[in-house]
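Both complexes below contain subunit A, partnered by subunit B and then by subunit C.
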Partner chain A sequence: MIEFTIWDVLRNLLLASRWTIVLSLVSFIGGGLVGLVLLFLRISRRKWARAVAKYYIELFQGTPLLMQLFIAFFGLGLFGIDVPAWLAAGLALILWSAAFLGEIWRGCVEAIAKGQWEASASLGMGRLQQMRYVILPQAMRIAVPPTVGFSVQVIKGTALTSIIGFVELSKAGTVVTNATFQPFTVYGLVALIYFALCWPLSKSSQILERKLNVAHRNH
Partner chain B sequence: MSLIEITDVRKSFGDNEVLKGIDLDVEPGEVIAIIGKSGSGKSTLLRCINGLETISDGSISVGGAQLLDDEAHLKALRLKVGMIFQQFNLFPHLTVGGNVMLSQMVVKKTPKPAAEAMARKMLERVGLDHKFDAYPDELSGGQQQRVAIARALAMQPIALLCDEITSALDPELVAEVLAVVRELAAEGMTLLMVTHEMKFARDVCSRVVFMHQGRVHEIGPPEEVFANPRTPELKQFLGVH
Partner chain C sequence: MNYHFEFGWLFEYYPQIIKGIGITIQLIAIGAVAGISLGIVCAWVRALGPLWLKPVVAAYVELIRNTPFLIQLFFIFFGLPSLGLQLSELQAANIAMVVNLGAYSSEIIRAGIQATPKGQFEAGASLAMTPFETFRHVVLIPSLQRIWPALSSQVVIVMLGSAVVSQIAAEDLTFAANFIQSRTFRAFEAYMVSTAVYLLLAVLLRQVLGTVGWLIFPRRAAK
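And then the complex of A and B:
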């Protein structure tokens, strides 16, 4: 029987972590872009646009991420479209993140006092100009802590993609366990790596929150 | 033709009709005080004039710009009439100078140097040119309201709407804001102000409008309205018997 050292295990896990990081970044950035579109739809003056965004968000927040992954992976296959695991994983995570980010940001935009809209409107600004120059710069400040906080959820969410066969940190953990028969050591290391990725983010979210709130200054 | 023409304006919020047919024409250079109990519709009327509220019926025009509910018409109207709010509504993320420059650059596409020159001029007019680089939260309420006035003036409107602009101020700060308004009136700016400052209305305004239950109940020069209120409602409001 081949002996595996801790280093062998760790090295394989670290290599697989690259995919966790890449998938997290893709999901977060892609989700952010789609989330921005959702935000604009959600606060649009057109009723149909608000309805579209609302139902989208309710659908993606109201179903488990795992089901979304299955549907992206197997569902499209039913139509004869061959979806590789990385594509299904990226797509599902982007759409899922977008629903949450869009809703977080809508809350931030709505937290800006109505008077800011009225003052900028009375100065003749159009809706996009109001958003760009008056509302978003203020909303972004309050959006930073919850957005960074949500990025932690995205990282942990990538673990689910192991089920459809995408080889990231969790999947690598299973593979390595099957070879070494040391589940406790392997999954312990997996957990530590997740922690090393997530903890700095949660911590910085807390620090940012304190920094932006306690001073309560807007500049 | 009058500068501001308000013709049979009606406004309802749901089943509640707050403006029940308002007719009011304002000539250039007039200073109009709108008084009345809360809920009489005076703030709503003011907000309708620059399209912050849509009207249910009737028409409003300012200097030939009609109030219509699309962005192009609203912009044309709002370039003619500025508004100052009870809560100042300065942009907290911008400096005083930035507040006064923003809409010039964004709406009128004024180049930055020209916008800055205009901002300095308007801030000087309200006595705050030395606060150009300060942020709104470093200023007193009275100073913030004067910046708001400078911000509205920088767009060179032909009329200003003032919605209870001294009501959120500490008593000792009211005078500095009213002094600025008094000066504007003396320079011939057309002003429509909802106010509780009766003494100011009496001294400065050319006409006083008393609103009651969504209608113009009495209207006339201040000496007449204040000295000889004709209706029991106005008498009660003014506390004379």
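And then the complex of A and C:
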């Protein structure tokens, strides 16, 4: 039997972490773009637009991410496309992140005082101008901490893509365990790598939030 | 798209789905009660507890909150047997959910405790209550009431996250869906049905938690 050193295990896991990072970035950026669209729909003056965004968010927040991955994986196949795991994984994670980011950002926009809307309207600004020059710059400030916090959920969410066969950190953990028969060490290391990715983000989200609170108190 | 949807299998396989729903409900029921209890203990330690215990609890909370549930589950089910702790699928799933919700809920509950006005502690002390009695009789219930909506959302998130326990062959709703799709090759339909059931469970769980909150928290008399 081949002996595996801890370095062999760690090297393979670190190589696979690249795909966790790439997938997280793609999902977070893609989710942000779709989330922005959702945000605009959610605060639109048209009733149907608000309803569409509301049901979208409820659907994606009310069902397991794992099911969304399965449906993307098997559902795209129905259109006669041969679906690679990365495509289904990316698509599902983008749509899932969008629902959460859209909802987080809506809260931030609604936290802006009503007088700001009224003041900008009285200057003759259109809806888009109001958003662009008055509301979003202020909302973005309060949106930073929860958005950074949510990026941790995205990284942890990518672990589920191992189940539909995308090879990233978790899948590598399973593969390496099957080769080395050392689940305790391997999954322990996998957890530590995830921790190393997520903890700095969690921590900076907390620090940003504290800073923002202090800034608010001084006003 | 030349695909014909076919739901006829439902008549044959609905017992599996019912059984899966039962296990999912059982997992979240145990997970919620034990997880929130663990969360209360951890929140007490971090907000008011003995100094030497704080870093231990903080490490537990940070470790759980910054690693995926799937890996926690694998570590408990595949990793712990090498320490001589052999668990069944269901036991491992239950423990993982309690440990996971314990960490998340402790952070939420701690926020509730820390939002308690200082006068409440002082009032308890002036009635000669010990710090623990003050916590138990004065601080705890209003703290929970303050954060109950956030805590309810977290319980729903953990319930949806429990879909993952099918990966260690705990026979929950997702396991049933996987079983059906492997028998009938109707993957899309099987996952559609189970997703709809999860959505329904999430809505129901929200209602149940709302009712529980209505029952355990004192209501202010209408003015």
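Following the convention adopted for this analysis, the second predicted complex is superposed on the first by the 215 of 219 C-alpha atoms of A that agree within 3 Å, B and C clash if a C-alpha of one lies under 4 Å from a C-alpha of the other, contacts with A are read in each partner's own complex, and residues count from 1 in each chain.
As a working rule, contacts are C-beta pairs under 8 Å (C-beta built on N, C-alpha and C of every residue); 3 or more make two chains touch, one makes a residue touch a chain.
Worth saying up front: this structure is predicted, and the values here are computed from it rather than measured.
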In the superposed model, does subunit B or subunit C contact more residues of subunit A?
-> C
Is A:Pro64 touching the first partner subunit B, the second partner subunit C, both, or neither of them?
-> second
With the two structures laid over each other on chain A, which partner does A:Ser122 touch: subunit B (first), subunit C (second), both, or neither?
-> first
Just subunit B (first), just subunit C (second), both, or neither: which does A:Tyr133 touch?
-> first
Identify the partner contact of A:Val152: answer first if only subunit B is touched, second if only subunit C is, both if each is, neither if none is.
-> second
Could you look at A:Ala111 and tell me whether it touches subunit B, subunit C, both or neither (first, second, both, neither)?
-> neither
Residues of subunit A contacting subunit B in one complex and subunit C in the other | none
Of all residues in subunit A, those that touch subunit C in their complex | 59, 62-68, 70-71, 74-75, 77-80, 152, 156-157, 159-160, 162-163, 170, 173-174, 177, 182-184, 187-188, 190-191, 194-195, 198-199, 202
Parts of subunit A lying in touch with subunit B, wherever the complex brings them together = 113, 115-116, 118-127, 129, 133-134, 137-138, 141, 217-219
Which of the residues in subunit B come into contact with subunit A in the complex?
-> 50-52, 71, 74-75, 78-79, 82-83, 85, 87, 89-93, 102-103, 106-108, 135, 137, 148, 151-152, 155
Write out the stretch or stretches of subunit C touching subunit A in their complex.
-> 1-3, 62-63, 65-72, 74-75, 78-83, 156, 160-164, 167, 174, 177, 181, 187-188, 191-192, 194-195, 198-199, 202-203
